[in-house]
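The structure is given below, and queries will be raised subsequently.
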Amino acid sequence: MDTTELNFDIPRLGAARFDSPVGLRFIDDDQRVLYDSDRRTVQAALAAGRQPACFELAGPRRKIFFDPARLACGIVTCGGLCPGLNDVIRSVVFTLAYHYGVQTVWGFRFGFEGLVARCGHQPLPLMPDVVDAIHEDGGTILGSSRGPQDVSEMVDTLQRMGIGILFAVGGDGTQRGALAIAAEIRRRGLSIAVIGIPKTIDNDVSFVHQSFGFHTAVSQTRTPIVGAHWESKGVRNGVGLVKLMGRHSGFIAAYATLANSDVNFCLVPEVPFTLPGFLDALQRRIERRAHAVIVVAEGAGQELLQAGQQCDASGNLKLGDIGLFLKDQIQRHFEAVNVEVNIKYIDPSYTIRSMRTDSHDAAFCLMLGRHAVHAGMSGRTAMLVGDWRGEFTHVPLAAGVSQRKQIHPAGRLWDSVLATTGQPRQM
Amino acid sequence: MDTTELNFDIPRLGAARFDSPVGLRFIDDDQRVLYDSDRRTVQAALAAGRQPACFELAGPRRKIFFDPARLACGIVTCGGLCPGLNDVIRSVVFTLAYHYGVQTVWGFRFGFEGLVARCGHQPLPLMPDVVDAIHEDGGTILGSSRGPQDVSEMVDTLQRMGIGILFAVGGDGTQRGALAIAAEIRRRGLSIAVIGIPKTIDNDVSFVHQSFGFHTAVSQTRTPIVGAHWESKGVRNGVGLVKLMGRHSGFIAAYATLANSDVNFCLVPEVPFTLPGFLDALQRRIERRAHAVIVVAEGAGQELLQAGQQCDASGNLKLGDIGLFLKDQIQRHFEAVNVEVNIKYIDPSYTIRSMRTDSHDAAFCLMLGRHAVHAGMSGRTAMLVGDWRGEFTHVPLAAGVSQRKQIHPAGRLWDSVLATTGQPRQM
Amino acid sequence: MDTTELNFDIPRLGAARFDSPVGLRFIDDDQRVLYDSDRRTVQAALAAGRQPACFELAGPRRKIFFDPARLACGIVTCGGLCPGLNDVIRSVVFTLAYHYGVQTVWGFRFGFEGLVARCGHQPLPLMPDVVDAIHEDGGTILGSSRGPQDVSEMVDTLQRMGIGILFAVGGDGTQRGALAIAAEIRRRGLSIAVIGIPKTIDNDVSFVHQSFGFHTAVSQTRTPIVGAHWESKGVRNGVGLVKLMGRHSGFIAAYATLANSDVNFCLVPEVPFTLPGFLDALQRRIERRAHAVIVVAEGAGQELLQAGQQCDASGNLKLGDIGLFLKDQIQRHFEAVNVEVNIKYIDPSYTIRSMRTDSHDAAFCLMLGRHAVHAGMSGRTAMLVGDWRGEFTHVPLAAGVSQRKQIHPAGRLWDSVLATTGQPRQM
Amino acid sequence: MDTTELNFDIPRLGAARFDSPVGLRFIDDDQRVLYDSDRRTVQAALAAGRQPACFELAGPRRKIFFDPARLACGIVTCGGLCPGLNDVIRSVVFTLAYHYGVQTVWGFRFGFEGLVARCGHQPLPLMPDVVDAIHEDGGTILGSSRGPQDVSEMVDTLQRMGIGILFAVGGDGTQRGALAIAAEIRRRGLSIAVIGIPKTIDNDVSFVHQSFGFHTAVSQTRTPIVGAHWESKGVRNGVGLVKLMGRHSGFIAAYATLANSDVNFCLVPEVPFTLPGFLDALQRRIERRAHAVIVVAEGAGQELLQAGQQCDASGNLKLGDIGLFLKDQIQRHFEAVNVEVNIKYIDPSYTIRSMRTDSHDAAFCLMLGRHAVHAGMSGRTAMLVGDWRGEFTHVPLAAGVSQRKQIHPAGRLWDSVLATTGQPRQM
């Protein structure tokens, strides 16, 4: 990854003038978390007189920019569901109310639409008692929608409502939108902070080690993979085919494979394969063991589909359905070689992304929301709150949306997957 | 239901001559369980000089037909997966081995194919240590297949292997096959008992209150219905559409509706509906509440599909996919009336039927397998082991396959569903 | 059981004069559910000119006693937690509000204390939106307490608040209290119906097939029994000892044993055992298999404890702790015979009874609450709503509290347990 | 922590002479993972001419020390149960067999006893098919025991059986034992590698970020804490008291508190409290909210117990039971101030540590076992395989057992806990 942007400080709205009411230990503004853990990389940078790439350490600051007594905040959730949306909303509201004493938090409804007056969605006032138990529910109490909205109209709304900090929870497209909002705010000379909270069940945000919901998603793959396993073993030459999330990055499929050792083939977007190569490897497995489980990320093998592909409202490329395609191709192949197979196709996505958080994500969302609030209160803007090797960090929005995090086909994660499945490195 | 057959005794291979080694209290051969629990029905029968409909009570008999020391048994599992197949296999093997001292139990592989020498599947010897932990796994260790096989060839196999009791675990078609096998055995004058163990996740076997796996299946609907609920609430005008098992009988969909109160529409095969009626009711719901959850049994609304339908290898009518059909129709309807809806379609069948048993089914399969063995050891044949209002019973195979159990549209179960969803009685 | 009381009709407050607004099929007042399913018992009664024992069939009546527009109802939950309390509250409130149009439902707080003005607990107004999601939580939103209160003061409260129907959810003691309240109401000549909803996780109410929460409780025993199993196998001569609920009736322990085949000894209150007998059987098991799992109902073996036993606030006999007693005795015994054992004692009660309902109990509580409301609206009083072999029924309160349902040591359930564990019938 | 030992290389048995048969990318022997992620600490070390503290990076080496064709390995599991023991055994066996082609792996039974001939436990030959499905079970198929054994006798056994690599899975005491074994091996001049795999559900091993089983343990606290929550809310002034694992380090209690926001007090060994301070804070909570949930690590508040404490067979100090002590003290305090409280005490330890792994730990154990094998095959010895900020590492055994990892009372984790519970920093 290109890490040149990482040494820059995070933009700030101005000097932090108020004493923080938070009774925790404060973080110094110059505390930094190293991007690399490899000794040689860090030493080389220093030897060359360069700063090693690093992040600002997140956490409460002694001086804050906003006067809590007069501050109004807004929060918006965009894009598809992801476990933890309600946990994050709750943590942001609780931290603003209980740690800083902020009285006013608005929940914008249905994604960026809620920031556009024309759409007519009334924002929801978010008091602590409203959000007290929402983390036990899946989904988002604010509702969501896909796609961008007019930046100028959105900033009009923030200005009209006197919002001081906007928390934007969403993926790639949402964070691009947040960056555009921050730019328009700067153009207008307003004192509104924009704090992005990266939401990607695929875990594909650059410079963020693990995004919320990813862990829960991997946990939730156990049921469909176990199902595929028993379906495949319950008939002669059974094939269980499970399609998982992963538009451009196959982290869910890869970790699901490591966590469920019944998987025999793992297909991800980052590692291309040919149809004959895959079908040949599958046939050899079936001949040897009489059953197989395949996990395929939704974005894998797109080059094989050749469909006239379109984009959805969020601007995401509409993917051809690799699951149904593979099911069909496997069927044809084994018919051609006159071997009976029984394919069971499982697409569990909606029952994964709509679940509430597991314990890990519950704790993670709690802390992520807090660090987002600390960052906003300090007057930082145009940034993402992230985590890096166990520490919460500040990531410039521009860096976060600049490139996508992916599995390296020659790296240790993919090596682990290959060692687990026994599938050929080249198919 | 036509209950005239229920008073007939179960066919027997001959006089029971051996003392049972089972150290439990024995059941008298003339103990009967009333079919009706309604006082008036029973009184009316007796007043008219008729026997009220009833079943033989299942359980260990003091005298048994087979000599355990010289008996070989076989077990076969047919059709689609269902939670509890391994529990039943294990219980049959344990009861034969530990209660009766039977040394030889063969597991025929891949359904009725395993009984046909030509297919070349070697039967699996089933010792207690082989089956000790299989109830913790979904699926069936024997494998399964769909469809009938030549009855004569199957009886040849039983005769050649010296099988005394065949336990046939399967649905409708399997039990018809078992009946044909029993008839051929009788024709040949053999002493082979055929005991059917009804396997239908749909719970649609006549004269059987609850079939194994049904309970687990209803439990497993919680995740997809909760998922559909949060998906539908996470967007404007969200519609969560869940397709559940139920080819001809909608018991799973009905009980899933009672057990998960987020369901707003329940569609089952027994209660026809018109497309305009349903879409109109859905539109009113969406206008009023802005989200809806629909549960549809796979066999519902087949009359609306008008496809040139075919049969699968088991002779089951291949159903048109009502789930995809409804998804498409809902989309079209709301486009036509210019209301944006967001439909999420969930088809969890393979992840339901492949699961291991819940606690209820674990206990139920344990006892069901035992009662099947007791029946077989007593020399009964051409029967199903069933349960009726809390008692295990013997059901003549001919009666069990004569008609299908269905939801009565004017009965109390469907009334409960309507009271829960609030959906119109006529759509 | 003595069933002589079962043919009596349920007491009624007076003639039902209002047309029911419920749009369901109505039940005739003379529909009866047979108590016995054994043909001979029913025939014998009829042949002797006696009515066979039976229950009134529950369900909506065409004519109701109360005018819904002017009716206020109350609901109270008493005694220890049980899965389903919130489901029942919700179902009662929903049925009153949506099916009958009743506007006023009061939730009395903290058991019978909430009916006593002196205690100062304000009742909670229960609107449908208040109870909409409470079934997803364990416990009871009303709170509970143990023990009786002054009957006269409680009836004063009902009279002062103009309550027409009181729904009393609780166990043995609670239903005795409800009976006393109904008697005082009759003495004062008031038109207040008292409908008991039996709550006993132990499933020990007479004339009620299965009480709510029991099913969930059995399901929840899987984790502690699996834990005991692996703990016992993870060391030499490991003994996993699990204490389950069951003060006077061992149904939870018995069904947990059938549902979890790792159990080697099941001890229940109904089947006495001697300490030497049990320890001897355990020693033989340990010598043979080097590990053992024991499930003991809390009320088992009380005769061995000889403690000066007291009663709790509900008047229940305070049990000596059989779990700790057995742990100690096992330890001593094996020390005496110089065999090392490793005992792991698990007491999961609070994590079982505080859980939300499983799917079965969710559906069951929904229907139970409805039938309680139908009974109350019809003007019936001094009754329990129960279920019998798949039908909902009316049980006179006097009958319900007259005797306790227990496992018959010579019956089929206990036979099944013995067949599963292989433990000696006499220890 | 004192990190001076971390720059030393790991001891090796000798020159690695064989080509590795592993088809993965190899790790260079001089790849290092920085101990610190703080830029200033690393820069300061380098500026002072010191190497920054770091670990060897784990992974497959191009040259290996042992000839796989002639190698026999042994594996032993010691101490209390922990989720993942079977996963680790399975991964070690699979990696040896499938990646290196090692034919002989012995499983020593019942901890270090299995290495002492006198104890008479026959080792278990571990073929891949033996361990194929063991990760689905809790516990350890090898069995375990506590306490040290004679080092000389254990090395005799290794020598007699021709063991080349011993994998020792266990906690503090076990790793001290492993270190002593490695020393004796060196003294005798043998070529036997000793690789420690740290097993501590408490996550208290120095220089290891997260030990296996910890994650699953935190997940498993959800049920008891939810139970405590509903129990505490179901009565007036309810107190739910949950004792969790954590002898000297309260990580489980702390993360359980972050993951389950119902916790109001978290008590850990690292943060002393006074009884009056705690009881006073509890009383204020009860007066304000009428219920409270307390999570207490088993090692918390030991200074308050003043018992004549003893050690168990592993040499661990036998802790006084802080759970029962607090229950008693709370009871007394509220009686003294004449406030009725209802305390429910839950001790779920055995049902947590005996569970199988969750998805995270399943993947983690898989990779941990592999890295242990790679380390052993390379000829390294007297080391632990650990993880550090997302990388697998080699830790000198001497460093791993030199100090215990604990929560820093002035650090960010404890700050997060305080921010979540709202409990006073000083009690």
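A, B, C and D label the chains in the order they appear, each numbered from 1.
As a convention for this text, contacts are C-beta pairs under 8 Å (C-beta built on N, C-alpha and C of every residue); 3 or more make two chains touch, one makes a residue touch a chain.
Everything quoted here is computed from the prediction, not taken from an experiment.
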*So which chains are sitting against chain B and chain D at once?*
A, C
_Centroid-based (C-alpha) most distant chain relative to chain A_ = C
*Same or different: do the copies chain B and chain C touch each other through matching residue numbers, with over half of them shared?*
same
*Once you find the CA centre of chain A and the CA centre of chain C, what distance in Å lies between them?*
47
*Distance between the centres, which are taken as Cα means, of chain D and chain A, whole angstrom*: 30
*Any idea how many Å lie between the Cα centroids of chain A and chain B?*
42
*Scan chain B for residues touching two or more other chains and write them down.*
none
*Which positions of chain D touch chain C when the two form their complex?*
81, 110, 137-140, 143-145, 223-224, 226-231, 233-236, 240, 344-348, 350-352, 354-355
*Given the complex with chain D, which residues does chain A contribute to the contact?*
23-25, 31-34, 36-40, 42-43, 46, 52, 54, 59, 98-99, 135, 209, 215, 218-219, 221-222, 255-256, 258-261, 358-360, 362-363, 366-367, 370, 388-391, 410, 412, 415-416, 418-420, 422, 425
